[in-house]
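Written out below as structure tokens is the structure these notes cover.
Going in written order, the chains are labelled A, B and C, and every chain counts its residues from 1.
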Amino acid sequence: MGAAGATRAETEVGKAEMNAVTTGAQSAPESVAATQGRPAKTLETRSVNLYYGDFHAVEDVSITVEPNKVTALIGSSGCGKTTFLRSLNRMHELTAGARVEGEITLDGQDIYGSNVDPVQVRRLVGMVFQSPNPFPTMSVYDNVAAGLNLNAGRVKKAEKDEIVERSLRGAHLWNEVKDRLDKPGSSLSGGQQQRLCIARATAVEPEVLLMDEPCSALDPVATLAIEDLIGELKSKFTIAIVTHNMQQASRASDITAFFNLEETGKPGRLVEIGATEKIFTSPSQQATEDYVSGRFG
Amino acid sequence: MSTLDGGVLPDWSSYGVVAASALLSAALLLAAGAFSVALLLVLTVFVAAVVTYTWSRRIEGPRRAKDRLITLVIVAAFGLALIPLLSLVFEVAKRGIPGLSLEFLTESARGHIGGGGAAHALVGTLVITGVAALISIPVGLMAAIYLTEYGGGRLGRALTFFVDVMTGIPSIVAGLFAYALFALLLGPGIRLGVMGSVALSVLMIPIVIRTSEEVLKIVPNHLREASYALGTPKWRTIVKVVLPTAFAGLITGMMIAVARIIGETAPLLVTTGVVDSINSNPFSGRMQNLAVYAYSEYRTPGVFKQASYDRAWAAALTLIVIVMVLNLVARLIYRRYRTEIR
Amino acid sequence: MRFVAGSGKVGDRIFSNLAVGAAITILALLGGVAAFLLIQAMPAVSASPSDLPGGKSLIDYIAPLAFGTVLAATIAVVLAVPLAVAVALFISHIAPRRLLLPLGYMVDLLAAVPSIVYGLWGIFVLGPAAVGPMEWLEQKLGFIPFFEGPASVTGRTMLVAGLVLTVMILPIVSAVAREVFSQTPRKLQEGALALGATRWEMIRMTVLPFGKSSIISGAMLGLGRAIGETMAVTIILSVSGIVTFNLISQANPSTIAANIALDFPESTGLAINTLIASGLVLFAITLVTNLAARAIISRQNIQ
């Protein structure tokens, strides 16, 4: 891993330079110092209730999504895990009539504050979707650079090339596409497309990465590749992942949160959250025990 | 690297800016002595755009500012597109109502120098359109049935292609065709009601085929198969199962097709001509419909010019009302009577 | 195995023959259009110029009309397409969701208005209203050939005719665009938003590229409609027959369709053949336009 480590150190320095350019010199020293990843931010929710119009979808969730760790949200279908996830990057409100109550903070700042632009929030909290969604009319290169291009004119070509390569390498996709950067994003296989989406999401350097069942549309081989990738990504980002697959949760996550519905029509609730190993071997709630041992779900 | 501060314009900002711009523009125009509603609207949009962009850019940044600016432009464009619609409705109503009278509806133009009504045009509209429908609906429906129930093959593909071509035939060319056809059969110089109907059929048939095909395709296959499984022959299945299921949609399609051709002028100018008296026989002599009537009242006004124009507008109003009612009823029928498919 | 003897089979035979017959009739009809028009146009093609109306050759007769047709239609498409895209975007992405149907219906109402009504509206309402702006155009922008002037005082100009055509084809293009915009896959739009795009950026990145070929084919449908439109142009244009790019003056070229509408009722003999020949040219132009539109759609579908 020596060569890769050296590459990563190089890119860390490169990133420090970029940080210095875009945000001022304060963050430069800490990035240079961290040769193995960078400290990501904490996402905290307090008494969050989510509604679709009058329908109460998710009830009273208070959790901390810890930095540089993978938090898995598990539970049966319809219990609100995805709804909750989408409230973390202000995508929930895109549905007509959708409402958020409670407090959600990123590094201490309320992301639903009256002075806060949701566009900025989504820049800092990225998302990878269930079904890979590369932009079909854009090339692989342009897909990865899509987020960068939004800050039109601020990023020079050479820098952009470097960021695109770094993101594709980080997503374990570089070697497969380096000769096909100008081909359309939709020309890749399913697993490749999802890795492309991950590269696209990481290229803008978000603080938090949300993943909504990222492997459910993929075959087992691609799934394992993505799970490995997630393990690496946590060194740079805070990660929350919704998954149906319990084996995946126990393999790939550090912390697990179990959501449940008492009965249809009632809001989903957070039943229990804790270290993944504990949740799967000796959970404190009966409902959790029932779910993870496969008695329902 | 936290960048969640920055700012956001208050919620009321879009409406506030537009209102303020309107006031400012009004003041400017009045001061310059050049006030008019059109100028007010244009200036308001312009001022609102400038204010929105600069204010947003300062507080929210250039990307947000661009987003707001373009949203404003799009809203203004929609408003612009509505203006002709409103103007049309308003003007036709304003100018057409004075011409509407009992005389208009019951008298023809024969024997009335510079006066009279449009009864002959109303009758003509009914007859010409009716015969056109009589020709187009059976042929169009059967062709649609052929396409959906008897599959494609070369004939089907050719038909689909040519139906697409037919939808693009200019209406006047359809008229010319009907003229040419009858000139061949009966010699040139003939003007007959039925010629107009043939011309209109050329326009109507593709619409009937298209709309019918659409609703027939929606009828699920399992209904047909259930019928076959009972031993029903194909033709009966179509007549007793497929058509009734698609009935509302078929009627709607036909009404839309009629609405489309009922106001046609050009093809009739070259086929049925202009005439003064009521003629209800499509096979004898000239005939005109409301649209041609409106045109001729405008083009060759009688002794009292304004009265002729009034009648032209009245005919236009009647036409619009008929077309709107047809469209509305068609949609209502579809919504009310369509068979819910599970 | 026979379950039903006789009637089923006979009925089927008759019915399917009827259906096939209908299909064949329509094809024959179309073939007939082309054939009859050709037959009736032939005398004009083979006649000598001195026998034709205007004393010019057939080509010299038709060319200015074709010019006028294309000019008017081009104005309409150039103005209508951006406006239609904006209107479609407004309805599909900006206005509140529940207004989607009513707003769409309002725009579609424009399509239901008969062209004679547009003609009357154009000459009695829009024309006079346009006189002021046309004078302004002549004053400020008179150096551009389009606005050379002198501005007409009645408003019966190519510009006004073009504007009316714009309004007439707007609903067609807008309906096509609206359809495709609202079908943009949700996951694409959310993908752009999740990257931190503003709404307009999202539209630019996903909705517009997705709808590009539909917009083009919608534009060509509108173009075909504008090319074939008769009554509005017939009524509005004050025709002098010259070929010019001057959009605001009294002297305008006519269009093929308007020319037929104006001259046909009183024409006899060779004049009629000439008009029919011009109609054939019109038919050919719209045919080419429609085929091109279909080719664009099918190319996109293959991708």
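By definition in this document, contacts are C-beta pairs under 8 Å (C-beta built on N, C-alpha and C of every residue); 3 or more make two chains touch, one makes a residue touch a chain.
Note that the structure is a prediction, hence the values are computed from the model and not measured.
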Two chains sharing the most C-beta contacts: B-C
From chain C, the most remote chain by mean C-alpha position: A
Geometric centre distance via CA averages, chain B-chain A, whole Å: 51
Whole-Å gap separating chain A and chain C, where each centre is the average of the chain's CA atoms: 50
Where chain B and chain C are represented by their mean Cα positions, the distance between them in whole Å: 14
Two or more partner chains touched - positions in chain A: 119-120, 123-124, 150
Multi-partner residues of chain C (each touching 2 or more other chains): 198, 201
Contacts with 2+ other chains: residues of chain B: 63-64
Contacting residues of chain B [partner chain A, same complex]: 1-8, 60, 63-64
Touching residues (chain side chain B, partner chain C) in the complex: 63-64, 66-67, 70-71, 73-75, 77-78, 80-82, 84-85, 87-88, 91-92, 95, 138-143, 145-147, 149-150, 155-156, 158-159, 162-174, 176-177, 179-181, 183-184, 188-189, 202, 205, 209, 231-236, 238-239, 259, 262-266, 269-270, 273-274, 291, 294-295, 298-299, 309, 312-313, 316, 319-320, 323-324, 327
Chain C contact footprint on chain A (complex, rising order): 89, 91, 94, 96, 119-120, 122-124, 126-127, 129, 131, 133-138, 146-147, 150, 197, 200-201, 204
Footprint of chain A on chain C - complex, ascending: 96-97, 185, 187-188, 190-198, 201, 205-206, 209-210, 212
Residues on chain C engaged by chain B in the complex (per definition of touch): 3-4, 7-9, 11-12, 14-16, 18-27, 29-30, 32-33, 36-37, 39-40, 82-83, 86-87, 89-91, 94-95, 106-107, 109-110, 112-121, 124-126, 167, 170, 174, 198-201, 224, 227-231, 234-235, 257, 260-261, 264-265, 268, 272, 275-276, 279, 282-283, 286-287, 289-291, 294
